[in-house]
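Consider the two complexes below, in which subunit A is the common component and subunit B and subunit C are the respective partners.
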Partner chain A sequence: MKHPRDPAAPGRAAALLLAIVILWPLGVIGEFHPWTLFEAQNLRVMGGFLAAFLPPAVGGEFLAHLGRATLETLAIATAGIALAFVLAVPLAMATTQALSVSRIGPGPGRRRGEWLRAALRVVLVVLRGLPELVWALLFVRVFGLGPAAGVLALGLTYGGMLAKVYAEILESGDSRPARALLEAGASRLQALCYGLLPGAAQELTSYTVYRWECAVRASVVMGFVGAGGLGQLMDQSMRMLNGSEAASILLTFLVLVLAADALSGLLRRQLGETDGRAGALAFGRRSSLWLLLLGSALLASYLWLDLGLAALLSAAALASMAAYFGAFFPLDLSPDWLASVAWGALETVAISALGTLLAAAAGLLLALPASGRYGQAFEQLTRFLLNALRSVPELVWATLMALAAGLGPFAGILALALHTSGVLGRLFAEALQNAPPRPRDALLEAGTPSASAFLYGTLPEVSPQLIAYSLYRWEMNIRMAAILGFVGAGGLGQLLYVKLSLFQYPQASTVIAAMLLLSVAVDAGSAWLRRWLASPGG
Partner chain B sequence: MIHFSRRLALKSALVCALAGTFFNTAVAADADTVLRVSAIPDEAPTELQRKFAPLGKYLENQLGMKVAFVPVSDYAAVVEALASDKLDLAWLGGFTFVQANIRTKGTAIPLVQREEDARFTSKFITADPNIKTLADTKGKVFAFGSPSSTSGHLMPRYFLLQDGIDADSDFKKVAFSGAHDATVAFVASGKADAGVLNASVWAKLIDQKKVDAKVRVIATTPPYFDYNWTVRGDLDPLLIKKIEAAFLKLDASNPEHAEILGLQRATKFIPTKKENYAGIEQAAKAAGLLK
Partner chain C sequence: MFRLHDAELTHSNGFVALRDIALAAEAGEQLAIVGPSGAGKTTLLRLISTALRPTRGRIDLLGGDPWALSAAELRRLRARIAVAHQAPPLPPRQRVVTAVLAGRLGQWPWWKGMASLLYPADITGARAALLRLELGERLFDRCDRLSGGQLQRVGIARVLYQQAQLVLADEPVSALDPALALQTVQVMCGDAAARGATLVASLHAVDLARSCFPRIVGMRDGRIVFDLPVAAVDDALLSELYATEGGGLPLLAGEPAGMSLPARAAGLPPRGTCWR
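Up next, the complex of A and B:
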């Protein structure tokens, strides 16, 4: 068999070499030791634990616990999103350029308006820069144990996220009607309602519904720090090494996440349909029905959780809160501690990079059958596997992996890899299905084996998209890796958890600052990378 | 558009008003009539809840008020909750009591402890045949329980230090398993070369035959004061007396009491005082866990 030499070979070899040179130290930092998974002693203990998964626990008392925890999780997500919405609307209105009066022309308040906008943007960065789990961990201490901490944590992080995206959506649309209204002397609220909303309402609602779906997953996780719901139950069962309970809870996760997925999809399709009609924002019987449902869901959530928000906002509570947060200042900036934090940050980056890379590889392998290359049966099977992988949150994988791989960064890598391969596999499969078939078909007709036809005909067509997806997930995984340490999977999270446990707040706040910096750096870095990839020279 | 905003406004106002009424009633019902109790989660919290059920019923009878158990998954949260008056009575470890004492500016009152808590110990365990003494654990992966644990972290760390082993520099890696049961699982699976846990949980796991045959004890710490039941300082003094009396009255010869004591793994409860925990505070300072 003689083939003409691959003209791209030197470049590929160089890229491979470069990748190894970069990945090697990351592997060392992340304690990437896959062989430990297969040691006999380990297999025996894991086997014993997994064998206990069957049959899943179905005892009456336990199922009652499980049902209550599931409702609590849903209620936390719903109440949290409602709070986020209440926070996000004024923040988005204040920060969006589309409603900026000062941009229209020089006026008396122009400088002040710009400053205010800049300050609010910083607030937004802080709100969404810290993972909701960190907020939850802090709030559990101030507000006491239970769902209130979870609701507030979700409300703040998602409030920051919604506000940013709302502002961007408003900016991306046609801003001329709003501007005309503002110039004619309308208030910002009027300009928003009559100038911007008609064009943007559908996209805004759709994004909010999508975020609710994310909030369901997030509220599952927040239980791990004592904020109620399914996560708390999972944490408890895992500590007892009670496999059959863990199995039931995992199955509940799966059902809950898939149901939230389906409901969110249904709602968004409904929105798409109404768009086709004459009115920009049709408010018919169906919308009334949805709104009524939404209202009752909200009311039910608040009642179920019994939040007692009034008690949280009393003067005494506010004073104790102020004292609590005051203890975090000044930050501990001693060289020793900074070195530990820097190492933790490095470990976090290593965990995220290796986890995402493994996930991209596994995702691609799973995407092949999932895109229907090997027939219907395989497609359905792998799609179910991908859904299962993705419906279990990273933190839950981390508790399972800590048992399989030991406490430390390697467990974090595996956890990220498992969850992310579910996410990426699904996206990759869609990309493969949408890839133009011609280059591959041409190669096949010319007698190329099907593996080569895939490598040279399909892969080049989709690889930019696959790389973009992977980079985007890496960005999310850096944030996630920062908190996996809460369950013992290394990185910044572990430092934060230990310091908070020992009430060493100045050190804890240095870690929080590092998380925030990392998040901002990742934001800026990924924006730059995306521009670079999109630019013709890149 | 106008219809939309008006209807929306009406509906949201209605929802808010309804929600508001419910909040207020919910808040007013609490506080004075319920004794809020919690415990540090050094074991699985569901296990703690199960263990607490008969004790809670007994306290309800003795005190003539409702007793509610608040489950938690974080040691430090119990301390903060006690300091911010969100709990009335809590089962604390020696180290968490010292932390609570500091966080409440000395107002928290330790009431009673199990007879066993006055001479508590921790067990160092391993599954590695090459580890025979504590000195052999140098350069190995070592598992503590929760960072806030007295018997799973602080005291073992202190006694290791006295034996010339600095947990921060002499181990290859230190892992926090989160709970005593989990430490045994990590050592059994070889995830940690050695670990340490509280002697009482070790005895329970041995009784239940839940320990892998390869796991063995290599050393036991000298005795120290551990767990106690602590109340917040501004609780009604009369109620404090009643709680203390209820615990001290528990008698193993009474079958109903025997069940409670059995679940708490206590022969009986004895009074305790702050001074008992001065040694732990010093150990925490020496081990660098308290500044």
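Up next, the complex of A and C:
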């Protein structure tokens, strides 16, 4: 009792030890070699490339290319979301509990309904478990280079995501009106329109708009696997190490992503406003105007892309598609190949974990000035930097980092770290701004240096939020790390890319299965972690 | 120790919270500030702690004008002043030991502050401060597991641990029961006396002020109404300060007779009936 000890110390030491024991091997697997950045050769390549950034290319012909590619990117996103919507509505209606007819009673066909619902859920998991870029890579081989593969890929992945979220939104609201309608013999569609939509329309629309914003970011990189848009242009410029063109394209990314951000934010705010006054879908003049705009945007997208969907559905095309996808089965499950895939999966996890960890550290450092604690000028400057970091997609960062650090998982780590620090920095800055100021101010008034005041007064308040954000991003980054290999940054993606290039489809399908498994495991793991963090013991 | 010359403070919204304040205290002196709510007690203490800058007039603090110092010098000056806040500004998720040790962050080198987050740098010292306030066993609890009164005493423990030359306490015992309030104020006075530190406390309970402090300053509407040795402060003076016609003074113990059942007196229906 004379010298009390901190009872938390053994736990902390154990956690530190555990972190080292986990991070060390991850560092080895991920080939975490920061010094390669400073090797003379890499410095020379990267320096030459960056030096060519200024001035950005503004040649007439190039700008025309750039404009067309930008429009194509937007069109891919819009057409892809439309396709996703068409897929998602019936899937959501079929899977949501809120519209289950057989549950009433329970009536006839209860068993069958449950089975059908479970089967459709599995389909949804497969659709959204594979990143859109993997779908695009697969489709490019059937439909040829061009935007069609990109649109289909977006449609499938986002269709799965939209269906899942739509079903959840419908279930989260009050289901009694719909149930009453169903009990009165209404059809599912009628029950949806009269019973559920009035309450859920706003949230459903808002989420769809948000997904469109994500689709714009996704379609920016579709071109890296040959599926059209800005990515294709970027890929060419990078291959030729044309810095000034790359600079122009990167600037376009910045503008595009920020504009999509702003537009989606504006639309969603407008939705929030109308809701309060008029209740559900009021087909006033403004809604009609929006619908008209939306319709013309869709039409323009399809016309611009010249998809020729009809040709895709011809008998010959369907037969060749069946033959192509048939070649993926059976999976190659030989021990040797399984071992390589397992290693690839480990590499993917290592890339995502280290990338996210670096990003969290960098994000926190950037969030300090971005939250306005060093004055307006620094705030604006870092906010611009954060926006620039996050507007460049991970895959593009990976191609840049492959120049700076050589091919391999380390380039992937850096790419994830750069993009994610932009995202996390913004979220962290918001959290810091919302933190209660009094504990920190009291410390400052007691003469505490500002760094200590931050650590003792602000950080304890915000750290749970920062950790939650970082974990959430890690979850997304595991999926992202799986495809960074398409540009040579290690992990499962590299295996898939190589095997597809060699037409070794059974091996490729094993990698795809591993990606699916990883994605499902991440979903389950993060759900568990969230529950654990929310529980009082966590 | 400190001296205010005709200080005036106007808030950003134009409200004049303090005017014509002339107040001084020597080293080792102990004084209590009393006055009705909104009189400007908190504002005055914030002025002395250099959290607020007087809009007019001057302040001399620990041998100089604090607002003429450089940022680094001002920081070192502030490390010599401890403030016990009306509502202790402690992060809910922080542990008591860390919250107490934070009192010396201004005196420690920066690396010691960092290291102390990994393993508390001075458990013995923090525990000693808490023991004086009968909180020794809550050393490793989190602040959000404490009651309001316990939290207030953690804030005071931080002040004790800081060992400052000037201690400012803003209603430091407002959340404590009468017996504990008296004992806690005595601890603070005893600590200041033992170290020769100056103590300025604002208090709502006038009997507590009169029993523990040799000098009483009365405030009202942003002005100092009286500044007298405790012997000269009688009930009439205080009644005038609080302007409670026929009512009692705010005391530590017992409910003042005139303040019972204000809801009924104001003509509102008794609780339980639905009058919405």
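Methods note: the second predicted complex is superposed on the first by the 520 of 538 C-alpha atoms of A that agree within 3 Å, B and C clash if a C-alpha of one lies under 4 Å from a C-alpha of the other, contacts with A are read in each partner's own complex, and residues count from 1 in each chain.
The rule we apply is simple: a contact is a pair of C-beta atoms (placed from the backbone, for glycine too) under 8 Å apart; a residue touches a chain by one contact, two chains touch by 3 or more.
Since this is a predicted model, take the numbers as computed values, not measurements.
> Pick one for A:Y302: touches subunit B only (first), subunit C only (second), both, or neither.
After superposition on chain A, A:Y302 lies in contact with subunit B alone.
> Per the contact definition in the header, classify A:Q504: touching subunit B only (first), subunit C only (second), both, or neither.
First partner only.
> Looking at A:D441, would you say it contacts subunit B, subunit C, both, or neither? Reply first, second, both or neither.
second
> In the overlay, answer first, second, both or neither for which of subunit B and subunit C A:F224 touches.
So A:F224 only meets subunit B here.
> Of subunit B and subunit C, which one touches more of subunit A's residues?
Larger number of subunit A residues touched: B.
> Could you pull out which residues of subunit A sit against subunit B in one structure and against subunit C in the other?
Overlap of subunit B and subunit C footprints on subunit A: empty.
> Quick one: in the complex, what on subunit B touches subunit A?
For subunit B paired with subunit A, touching residues are 1, 3-5, 7-8, 11-12, 14-15, 18-19, 22-24, 26-27, 30, 38, 41, 43-47, 70-77, 79-81, 84, 86, 99, 102-103, 127, 141, 143, 146-148, 173, 175-179, 181-182, 185-186, 188-192, 212, 289-291.
> Please name which positions on subunit C make contact with subunit A in the complex.
Checking each residue of subunit C against subunit A gives 49-51, 75-83, 85, 89-95, 97-98, 102-103, 105-108, 110, 113-114, 117-120, 123-124, 127, 139-140, 162.
> What residues of subunit A sit close enough to touch subunit C in their complex?
Residues in contact with subunit C: 3-9, 12, 438-439, 441-449, 451-453, 455-458, 460-461, 463-464.
> If we count contacts the way the header does, which residues on subunit A are in touch with subunit B in the complex?
Residue list for subunit A touching subunit B: 39, 41-42, 44-46, 65, 137, 140-142, 144-146, 193-194, 198, 223-226, 232, 235-237, 239-242, 281, 283, 288, 291-292, 295, 298-299, 302-303, 306-311, 317, 320, 324, 403, 405-408, 487-488, 494, 497-498, 500-504.
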